[in-house]
Each structure stands twice: as structure tokens, then as C-alpha cells.
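Let me give you the structure first, and then I'll get to my questions.
Labels A, B, C and D are assigned to the chains in the order they are written; within every chain, residues are numbered from 1.
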């Protein structure tokens, strides 16, 4: 019953097989290999447009590199108060940008709204004493398991572009958002006005695969140097390329995401039926965030379940009372119905 | 006949098998997995001392992180003019250190000498207008295929420590240096006064494995944060741990290095016998640097050989004449006698 | 009626005279002059201890340099949500520290409390994904015209030191805080546990004089380089030294601060008596923060008064209603009773 | 006999008088004052074009800010091996640019040549492993007292622009270069292709006055923020504005530069006539660089003269023999004929 994270699990067999299969003969290093070429071609086809795309090694790197390409050192980045870039990356964006300022907005359900962004921008009254508002970044699916629709993304892009800012999407769980919306990748990104995307594969079945996807080609200028300077250019790049190729082949990435999302829905429904917890947020991707009595949380841990008490500003749609825990349960591509049902049974069986 | 680099080849089967074998069940993420624990234990045992060690994803990252731990933003780093940190990392050390100054010394055979370092330090006469001399970094085996002996390392450490500086070794080809010297890992590092080592595995049979090894434990303070902030902490860390474990098991890393070195010696001897090139440097590791007529270089390329004209300050022990090329030929753990002999035959067969 | 800021006014005649008097003959550059030597001696005497002190050119530089000396690039700095370092310096601390994370706490009256700091520190549960808590910085007098007592400073220092963090004081208005408390400079700084102080003179009668004062001498290591690297070392340093000397001579700095504080008290009392505004904060230094109807604010501006609507998180002790303005009025060393009375009369005379 | 530097002397009386005269009443802070407005207007008129200009506090800041506006973090800057930005600024350019790489070229007489630049650029063969060649910076007058002609500047600009790079001029001694050439300021800058200039006043009679002059207006985007973030925005900005206004008024800055240059010529001629030294470089600005026996150098110091043994790569036009000293003698706007003659007499009087 490991619901701690989608990075505690392994690699999809197809991806692993592709890695092993790439281990033959000599290949150009630093991304000049045939696997990377094919993988990037497939990615461009997927997005139905001409992209500049750069495989990197971690999600933090993808995000920080995108923000650095979009934000001058004296710039400001608006994000959610609980965004990964704000609270989970030890300030990597500040390093990669040369010291830009991240400004976290505390809004409900892990999502920024156009009004929330506009209100915060109205507070930039200090001229050059404020950072220059440069970038808006959202996470889709969000850190709270919710999903922005294409329309919501578009409305945020409109606000951002109207202020001369650019829009980035942290897509560590982009696949989960996409299958949740059932739209085309383009709809959830560049057609909605997204300028750059961190396209994540690691949480969804890859080993270490994050791709910086630049829809605004102006951002690509010098990006190869930027990636190298931040030590994100793998010498035996074929092993990233092979992952990408396998991840996209035959819609594997959509299958794994659909499965994880389905498990999360099953979990949410089970929890709801069990009646011992509140679910303050819709379950739109692969994560479930129940509010539960601390006793139940302890019971689950004692039952062998792995889950986290979620830090941060909370759901914003409900209040965590004294004695309650705001918990996160993550379903992965490996999660089984049995594991879900076992967790639900443990909840139902609590005699607290 | 691919002698372009030791990173154009693949991964040793034992390492690949270990990666695949690690792909079972849930494991703690971010390095909190059993493979990493065992791999780091094996590394500590190897070095016969209590080390702080941190797997990272690229050699540039390992070097830059070491330098950042050793050098304040206002510090200076002495290195060879052709050092990888100086000319091949797009200024990553400058980024990771917050702007420290790298100062390249042009000395023969890719090696710094104690006197060369002392002479350069004597030029620090500008007080705070100069950077604060903080770190000496050497590469072993060097970028020119030569190797520092334990005594040579020790003499450099003595100069550095005498000035309150620390000593780093870029060990992207540490295994090649080690088997060349036939000494213990400790002899070539901490017993000789080395404070930090970039322990490289990628060029010698791993997929993506570089380990920051800190002998001076004071450098470990906050290092986990430092690695995270630079986006070098892999979420599915087990796959680094598994590589490390397999790389060290049963001396695999020494076997692959011995093989590559032996191929380089065979190549050097063959070239020497062929009589069409000059070898300005001893072949002490897995690289051979002949000076050859440009026509021969073109002939080799036309014959299907992959090799580089080597940029930089030159061997320092011989002069490249007009019409000559200073070439680099790298042998890898995959290089075969047949490939070597084929290359030598191509040289011998040149009718230039 | 210019109450816009204490930096819209000029330089005290004594300081200006000292600058002019220093303009004779040759002097060592970069601070190696007799004026600087005497000024720094006077400063050390004032603080009754052995300090390391470095004149710099702007308050932002003093703060950012202090924070950089106290905080590694991967560190975190706790400050008030409205602190100058957080909202008025365009991210200079992030630049100078190499990307450290500033974390603003929204607490009443512009002041941090030990409990507020402890509560926030309790949220550092993410290990290396969080920045390393390194520094607490407070402003005294605060951005809201309130003042920390020595005991309050001491209590904060205790919390900080208990967590291995250091305490910095932004003393852009240190003189105003000091005369407000009527204690010795040492009492409000190192005796209370302060590790570093930005000692400000510019707002209180100097031309451009901020001094980094390091009580924790370990912070002084390399600090001269740090100042140079950030372009804060004045070549004709005598003109900073002369300012410092004159600023401290015969308690000039205390006189100017006492005057400004007295004018602020007169203003607060006048406003209180006029009965058209609320004063949500005590007037402890040289700034007054009335809440007033927007109509009155407009009336004052129309009457020729210069003042600001104050952005930020508000006083925390009262609520700004729709149609109200939270205003800041700053008294300087040049402010006269007549100017104060004129402003009060304008308030009283409003027919809104 | 202080020939140590042009920053050991004081401020021209006219500049000092202007500073004192500006000390009346309230003025907008942070550069929004009437003095700054008039000073910048005068500067634009001087350059006969529409410039974006930003007063800052030190020459290191002006240089580093210019380079930061022209060079991405992953960029490279070509400069002379002895350039101030390379050897005298403790790596400030690396900090301000976010880690760009400065590459010093060792060429004669402190001057870069188009061919020297082209040759170095031809060595950028490593793709993204090299920094992206972004900026060429020259110093005029140079660190060795020589001067680039408009044609020489233009030829360098052509090479730089041809490679998509920009050209910066460190004009710490721009006035000395200008009067040496006897041309218009525009001829030596934007008409010759210069994109940005550090316009220095401090060494030539001001107190602390350096102005970033951007001819390429694209560089001005966000520059106000950039200046603020680097802590170079003076709150009582009127005192910079007043210096600038006085410095330019009635050609004061040209008069002081002409005087200093004339004194240097007198010194060079005197030294030449005295016959005890070699002058390996033409005296084109306000500095003289004799090669002299170490005994004579010691004799001069014993005679009370202040001068420096000049570190660095040497004149490139002559060889410093064992027992010889390469010395620098700087004439300032305050230097008198008597001081010059006294120094020459001391040379002539040496009985070594």
C-alpha cells in the first residue's frame, strides 16, 4: 500500500526494454544519437507543431531551465504558494535564473486564477524596486491533484501575455492532466497560449525523463548552452532518447496515466463511501487528498500504508481542524485495484 | 574505428543488468533506497575511510558541485588551461559557485606542477581586487591522457594547503589513472591530500554515474541541499545506486579501465612502430595524442575512423607545425584489438 | 510638506562640511585613508566591542551583503512579509547570496515574533527540498515605524541561534530605533545576540553611507572580497570615511534621529487630536501610518503634501476598509514643526 | 609625487561646489531629481544621439552591468588578458552576468586587434560546451595608457557584430582617450559601432560618478531593474546628478583630461631625456609605463614617489629582463609640472 509518491515505483517494462535495446554500438554523444532524434520527432508530432525540445534529467531542472529562459535575473515569477518550484526545489529556480523572485499566491485547490494573478500584479507599484513581472507558472495537473482545463489555461495566458509576461506549465504530471481532460496535447498547451512546458515522464513510467518543450521559439535561443551550463546534458544521451521514444510509442504514456487516474478515482470513491474522511478537492488526476482524523492517519500508517501529511497552505476549500490531518495519497502507473481496496478497507476498518 | 570519445559507447552488460534488476517494487525516492545505500558503502570501503558521497548525474555537475563546496563566490580556482572545468563545461563552475573565477595555467602535458601553482599564486598582489585563492583542481587522468602519481598529487596538495586552499580532483577517468598507477584509491586521493573527488563512472562503463566524494567532511555541510538546488537529485535514485553497486562489484570498474588502458598502449605502440606520427606525450591512461600530418588525419577520417583534432594549448612538450594536426584517440572499455590494429594499419597504409 | 520619505531630503551641513574638508591632497584609495580609519574607530568605540565594519554605498547593498555572508546559496532567510529585503530591493539578496530563498512572514506591526519564527520553522519538513534555514533578518526600526526592544531582539536571537541560524538587523533607521529605546547601541545589537547589522546613515543625514557591521567575526572572513565583487568598494573611499566620522561626531546622528522621531510624535499626536484618521500602530520612530478616508488622502495630496499609500500586508492590527487608505508619513532630520502643523491643519480642515 | 593612481586624489572644486549646491530642499529620490535630469540631458547632447544612460556608483558596477546587459549567463566575453574586468574586479562581471565566462587575450600594448579576436573565435569549436560568444569588451584608454582610434574601434566592432556579438567599452578613462584623439565622443563610440560604454568620471575629477551609456537601446530593456537589483541605485540620487552636470559643464571633463594627459607627456619626455629607463609603449593618455632597473624603482620609492610595479602580461612590445621593473606612473587632474619635474629629477639623479 505505497501511496507515498509516484516516484517510489519503478520503470515501465517497455521503457526499460528500450533502454536495454539502445545499448548497442557507438552513438553520437550529448544527444546526437538516433534515439533522441526519433524521440523528439515523435514529441513534435504529438504536439502538432514545430517545437524546440531538450531532454533533461530532473523535473526541477526542467522547471528551472524553463523559468530561466523566460525570466531575467531581475524578473518576478508568479506561481501558486504551494507550487513545486516554490516549495520543493530548494530554490533551484532562483539559482538557474540568477536570482529572480518567485512570488507565491495562496489560492484554492492549488490553482491560480486570472483574477488572482491580476490582483497580485496590481500590487507591483514600486517600479524598479519590485522585480519585473516576467513569468506566470502553473502546474498541470496541480500539486493538489486538480486539473486546469484548456479554457482555464487560456484565460491565464491571456492575463500573462497582456502584461508582457510568459506562461510556463510544470507538467511533471502532464499526462495525468491530459487524459483527465481528454483533449489534444496542443489544446492544453500552445493552443491555449502556453509558451513553455516541462514535459514530465519520470513519475509516469520513465526512469529519468523530463523534456523542456519550448513553443515560443524565441526561448530556444542559446538554450542548448543553457542546458549545458546547468549540467543537464547527458553524455550518453541515447538513454534519454530511448526512454522518450518508448514512452510515447503506441500511447504508452497515455495508458499509464489513465491507469493511475483510474486508480485515484477508485480510491476517492472508496474513501467517500467509507465515510470517515472529507474530500475537499475533486479527484481529477492521480492524487487524492482526504482530510482525516489524526487517529485514522496513524492507523493507516500502522496498517502499513505509506502516505504523507501534506504541508503547505491547504486545500483552500475546506478547513483543517485541530486534530485533523490533510493527507496525500498518490496512485502510480503500478498501483493495483487490490492496493486501493486494501487502503479503503483499512480506512473503513478504523475503530476510531 | 570509433576513437572519438569514451562516451560514444554503451553501458557494460553487468551495469545494465543491475539497472534492470533494480526495477522491482517500491523504493524510497531521492536516494533513500537500498541500492544506493549498498553502493555508497562499497565506495567507502574502497576508499578505506569515512567519506561523504553523493551520486549525481553528469561529470560537469560533479565537478561544479565540488568546486562550489570548496570555493566562495568571491574565490578563485586554479586549474590547467585545458581542464574540462575550464573549457568544456560552458561555465557551469561559474554558475554553481555563484561567480567564482577560474584561472587556467598553461603547463606541459596537461599537468599542473607545484611550482607552476606557486608562481601563479605569487601574482595575487591586488588584495581584494583579485579573487581569493581558494581551490586547486587537477584532472587525473588528465585531459591529455597523462597521469599524476600519488607523489605528484601530494606535492600539489601541500602547496594548496599551505595557502589555505583545497584540492579537488576531476576523476572523470579516475579508474584509468588508478590502474595506471597500480596503487590503492586512497593513495591517489585522501592520503595524498585530496579534499574532494569527482568519481566518474560514465566513461568507464556506467550509464550516467558520477559520485561526489568528499574526504574533507567539512565540505559535506549542507551538501545535500546543494545537490538538490542544482537539480542533481534523481527521484528514482535506485537506478544510480544500482549502477554504483554493479560498477564496483568484483572490481568491474578496474577491469574495464585496465582494458581501455591496454588498448591505448597497444595503439600507441602501433603508431610508434608505424612511424608516420609523433607521440609528444606518454600514454598513461586510455587516450593517445599523436601529432600527424593533416593529410594523414584526413586519410583516417576518410577511412572511417572517428577521432578529433584536439583544441587547446597543445601538449607543451612539442610544437605543432603548420600542416600538422594534434589529434586525440580515445580507447573505451569496448575497444577491441582489432579496432586498434585497423587504425594502425590505416596509418601505416597512408601514402602521403 | 514633504512626508514622502527620509531620502528626499538633503545632507546635514556638518556631514557636507566634512566631505568638503576631506577634499585635500592624496589619500589611499579603496578605504585606505585616514578618514575611514577614524570613522571606523569611532564606530567600534560606539559599539563597545571589536567589530569588523565595511562602508558600502546603498542600504540594499548593506543588507544583501550581510545576508550573503550569513546564508549559503541553498539557504533560507526568514523575514517579515513587508521587509525591505523582501519587497523593495528587486531581489538583490537573491543575487548577492547566489539564489537563497527569502521567506516572508505576515505578522502584525511589521515585527517578527519568536513564536512566529518557530511556527514557520516547524514547516521545514521537506529536508533538502526546503532551503536550509540559515538566517533571520529583522528591521529596526521596522518598515511600519515600530521598534523592537532589546528584549524582543534577544528573544528572536535565541530562537535563531537555537536553530543554528544567525540574526541580521536591517538598521536603515537604526538611529531612530536606538533613540526610541534610549539604550546603548550594544544593547540593541550584539548584547541581544545580533550577528550583523546594516548600519544606516543615509536616511538620517548622510549623503550615501551604509556600514556593514559584523559582530560575529567569523562573518568577516573574505568579506573585503565580497564587497569588492559586488562593486561596493568606493575608490575615493575617503568620502565615505568623512561622512562616517562627521555622522558620529558629537552624537550628531543621535540628534538628527531624535529630532525626526520627535516630529513624528508631534505629527501622530496632531493627527490623533484631529480625529479624522485611525492610528493602528504606535509611533515609535520617525514614521506615522494613519488609516484615512480616500477622500482625505486625496485632499492632502491636493493640498501639496507628499505622502504614500503604503502597499503590503497592512498593519495587522486593524483592517483597511473599502474606501480607506493606509498611508505613510515620514519625518526626516529636516522636518520642521511648521511642516507638521501644516499637515495636521490640512487634515483637520478637510470637509469630507 | 603621488603617481600611484588617479583615484588617490580628490574632487575638482567645481564638482564639489555643485554637490554642495544641490543640498537644498527636497528632491525626488532614486534619480527622479532635477540635477540628474539635466545631467543626463547634457550627456545625450554630448553624444549627439538618443542614449539610455544610468548613473551608478563604481566603475566595476558600470562595467559589470554593461556586460550583464549584453551577455547571457551562458555567454562568453572576450577581453584583454589585463583588462580591468578580468583582473581587477574580483569577478564582479561573473556575478552580475550570472556566471558568464571572461576570456582574456594576451595581445601587445593592452589592445585587442580584430585578428586577435577572430583567431580566438575560431577556437570556439566545442558547440554548447563552449560559452556562447556574446560580447567583446575593450578599455579606452587602455590599462596600459594606450588609446584606440575610432578606426580601430570600428574594426573591432565589425568583427564582433559579424559574429552576432556586441561591443562594450570600459571608459574609466574615456575622457583621456577622447582628448587624445581629438574627435567627437560619438566618433569614438556609437559611430564606430560601440553598443555600450562605461563612462567614467571618478578618475577624472568626480567623487563617485560612473554612467552606463547604452547606445543599443535594446540593452535598456529592464536596465533600471538591473541597476536596482545590483544595489547601484542611489537614494539621494541628486548628488550623482549634480556631479554629472558639473563634470560636463563648460567642458570641465575635457580640461581635466587634457591636463592629465599633458602631464603624462611631459613625464614621458622627461624620462626619455633622462635616459635611465625604456618606454615600451606610446604615452597616449595619462599613464606612463617605464621599464627601469629595480634599483631605480627602489630609489624612487625611497625618494618619496608613489608608483606601482605593474602586474600582468607586460607591454608585449618589449621584454622585462631579470632585475628590471615594469612600472606604472599615473598623472591625475591634480598633477603639477613641479611634481612631474621632481620625479624626472629623481630618476636623473639616481646613481645606480
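Here, a contact is a pair of C-beta atoms (placed from the backbone, for glycine too) under 8 Å apart; a residue touches a chain by one contact, two chains touch by 3 or more.
Owing to the predicted nature of the structure, the values given are computational and were not obtained by experimental measurement.
Touching subunit A and subunit D at once are the following chains: B, C.
Greatest centre-to-centre distance from subunit D is found for A, with centres as Cα means.
Distance from the subunit A centre to the subunit C centre is 40 Å, each centre being the mean of its Cα atoms. Between subunit C and subunit D the centroid-to-centroid distance comes to 35 Å (mean Cα coordinates, whole Å). Multi-chain contact residues of subunit C (touching two or more other chains): 30, 73-74, 89-91, 95, 98-99, 128-129, 131, 225, 228-229, 233.
If you check the complex, the residues on subunit C that touch subunit D are 2, 4-5, 7-11, 13, 16, 19-20, 22-30, 57-61, 64, 89-92, 95-96, 202-203, 207-208, 225, 228-236, 238-239, 306.
Only residues 73-74, 76, 87-91, 94-95, 98-101, 123, 125-126, 128-131, 311 of subunit A touch subunit C when the two sit together in their complex.
Against subunit A, in their complex, subunit D makes its touches with residues 30, 68, 72-75, 97-99, 127-129, 131-132, 222, 224-229, 233.
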